[in-house]
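Step one of this worksheet: look at the structure below.
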Amino acid sequence: MGADQLLQYLLSGVTTGSVYAIVGIGFNIIYSSTGIINFAQGEFLMLGGMISVSLSHSMPLAAAIAIAVIVTGLVGVLLQLAFISWLKNPAVLRMIIITIGLSILVREASLHIWDEKVRALPFWSGNETSSLAVLGARISPQVLWVLGVSALMVGALTLFFRHTLTGRAMRACASNATAARLCGIRTSSLVTLSFFIAAAMGALAGCAVSPLTQTQYDMGTSLAVKGFTCAVLGGLGNVTAAVAAGLLVGVLEAASISVLPLAYKDVVALAIMLAILFFRPEGLFGSRAASE
Amino acid sequence: MSGALLEVQGLHHWFGGLHVINDVSFACRPGIVKGIIGPNGAGKTTLFNIVAGAFAPFSGWITFDGRGLTGLPPHQVAACGISRTFQATRLFPRMTVLENVMVGMHARARHGFLAGLAGPLFTRREEARVREACRNVLDLLGIGDLAGRGAGDLPFGRQRVVELARALAAQPKLLLLDEPACGLNPRETEEMSALISSIRARGATVLVVEHDMSLVMGICDEVLVLSSGRMIAEGTPREIQGNAEVVSVYLGADDA
Amino acid sequence: MKRYAPVLLLAAVVVAVQLLLGAVKSEFLLTQLTMSAYYTLVALGLCLLMGYAGQVSLGHAGFFAIGGYTTAVLSTAAAAAFSFAPWLSLPAAVAATAVVAFVIGVPVLRLRGHYLAMATLAFGFIVSRVILGTALFGQADGISDVPGIRLFAGLVLTGKRNLRVQNYYIAWTLVTVGLLFAVNLIGSRVGRALRAIHGNEEAAAAMGIDVGRYKLAVFVLSAVYAGVGGACLVHFNAGIGPGEAGVMKSVRYVALVAAGGMGSPGGTVAVSAVLTFLSLRGAFGLYDDAVFGALLVGIMLFAPDGLFGLVPALRGRR
């Protein structure tokens, strides 16, 4: 395999990997604040893409994306308020089954609103033929958008958690909800906020990646599974580790085409998930106590 | 120490950096009730859980009835003839009292998946035997009338007795009781003491971890005192009561 | 005995339905009823796993597919292997399912809660992707032209219209026997052990129950139920497609078990038979997946004990 091909795989893997990372971060945000695995996480990317595509016909791209992000964030809030917030101490298993059911409903609603056709957002800059030369490989400028947007979101999130009162309150809430409540922190609002953030981030990533990989009503499930792989690989609840994990999964997946038939590409992420769950459930960067 | 039913030698265990069991050795003769007492954090529950097979000790060994017990998982410990109760009652809430006790006899019955699938034709006789034995245990403990009640519906005190019945169902050679009086009022504690005495009268051996002094002093033949993971005294209840070190460990040293 | 009431009721209903349909000349409905029987077998096995051992499997469609595809391949592409006795492809399919269940069960069942859920989901996904990517399994087109299988006493497992009644009874006899086994198991020492494991694993172990072994055994048993369903349906439908292994199918089975009441094999059979039949008839139209999704969410939110759990009098516990 030549250096060119290697670079190609690397770039392609990093691109998809950053999307997986965003899904994984979404899982981690919600898991930290509620202990729930929100399987509908993948659907948020799909919604972001679909909504922005529909809106892009009648308004500038940036506006369409912004509105799609906010609307999807609100969908996340709606899901949390309507289906999750009022349950008293539900069993972990019951919750994950509920979120799986919710992801199906979101998917089916999307199928009926938009139909099964594949859609794509226009390229944010240039078009499908533009390409840039990077270190000897040719990539679409959209790749830089995806990477840039992902990096920006991760950066903003880190700043939020570290330097704002609300962000620190969310971390306190994640670490010990009872103690947080006793300090006067309104944990219920923070939980709702965490759903908004996870959904909005997912939507933005979905918009960024739509020109490259297209958006289809059923793309959410496989993204959710791969996003979960990243979350677990990095250690459930560990936001920053999910980034590294996402990139790793993306690159491994991309590189796998050189040894496996293309059809088995999806199996790579699944195999990684199983390997982590079987051998090191606390993830590469987690501590033993963190895993169940 | 020949003739001992249970022998524990040189037990050590650490949790993280904490030396929770420090060179504990003792033996338990058959047919007696032996109590393990000590202030909070002395390591009583840890010792108890090690003997019950919940986890293996860092070092040391345990023999039971001539067989090595160290490091065996809980279900194999049970198969050796040791039953236990739990400090926080762990009945199976969605099963009836009788069913709970029948599970207690699991190790004493045999039919497995194939017989289970095939049905009553193959399992009827054994099931009847188990059912009757369990009813007898319930009657013995005075709760025969509760047989059909859901275990989760019972008041706490009754649940403790059911848990005792469940442990007895297997006709164990050694019964491990984890704070049987925990959460019981004085009257219930007396009833529990009486039950344990009657169990001993039927030839069982009992090892009991307990805080409640009235129960310990009342029914134990021998008492072992732990403090900070070490054994500081072993003897009859009388001897223990008169032991200055034991007293100071519980009440604090005079010049502290 | 009271616990066999569901089995007898099922047998009675099965016969009554067939006679009724014959009388009103609607025997074409038997086809979907037969298919729903095989799907019900999967739900029944899953009921034992979820309701009694307290384990979840979000990938059970994978076992259905393994059973189905194994017999499909052995009856078509690899037909030479068993040309002396074609019916052997059925036990071969069941054996393959059992082996896979055993192999993945060992590591998977050590997991808990959402890790267990996701691991089983991943399993189903992997089966689905492997099928889609492998030429031997027909990839996206699946396998078709699978011949019927000649069983004993002149019975033939096939979709041929003139043997419709026969196959209806073959399918539903399998379900009835499966229900009988389930009811037997639940009332036995094993059933108690499983319920104990579900109630409190630590206490169960202290009673002498080898928790790991029991979980694995019930996992394999539930997979076998699914494998039998898959293998038989393939011959009835003369083919199979990759959709049978999909996540949506696995979720459906979970929804059916949850709705029937996880601890109630009779309830599971009833709910599964009705809903699967309606789905196959197209009663839910384009909203098919949505219906099962909504069922799952609804049950989990409001009646986690299942529909039959809502009415205590109907709750035929045990």
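The first chain written gets the first letter, and so on, giving A, B and C; residue counts start at 1 in each chain.
Criterion: a contact is a pair of C-beta atoms (placed from the backbone, for glycine too) under 8 Å apart; a residue touches a chain by one contact, two chains touch by 3 or more.
Nothing here was measured: the structure is a model prediction, and the numbers come from that model.
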| item | value |
| --- | --- |
| Other chains in touch with both chain A and chain B | C |
| Farthest chain (mean CA position) relative to chain B | A |
| Centroid spacing, where centroids are CA-atom means, of chain A and chain B in whole angstrom | 50 |
| Whole-Å separation of chain centres (CA-atom averages), chain B against chain C | 42 |
| Centroid distance [mean C-alpha coordinates] between chain C and chain A, Å | 33 |
| Interface residues, chain B side, partner chain C - complex | 52, 54, 73-75, 77-79, 83-84, 86, 90-95, 99, 102-104, 106-107, 109-113, 115-120, 123, 126-127, 130, 166, 170 |
| Partner chain B, residues of chain C touching it in the complex | 1, 180-181, 184-185, 187-193, 195-196, 198-200, 202-211, 217, 221, 263 |
| Chain A residues touching chain C - in the complex, by the definition given at the top | 37, 83, 87, 92-98, 100-102, 104-105, 107-109, 112, 221-222, 225, 228, 232, 261-264, 266-267, 270-271, 273-274, 277-278, 281, 291-292 |
| Chain C residues within the chain A interface of the complex | 56, 58, 107-108, 110-119, 121-123, 125-126, 129-130, 132-134, 139, 247-248, 251, 254-255, 258, 286-287, 289-290, 292-294, 296-297, 300-301, 304 |
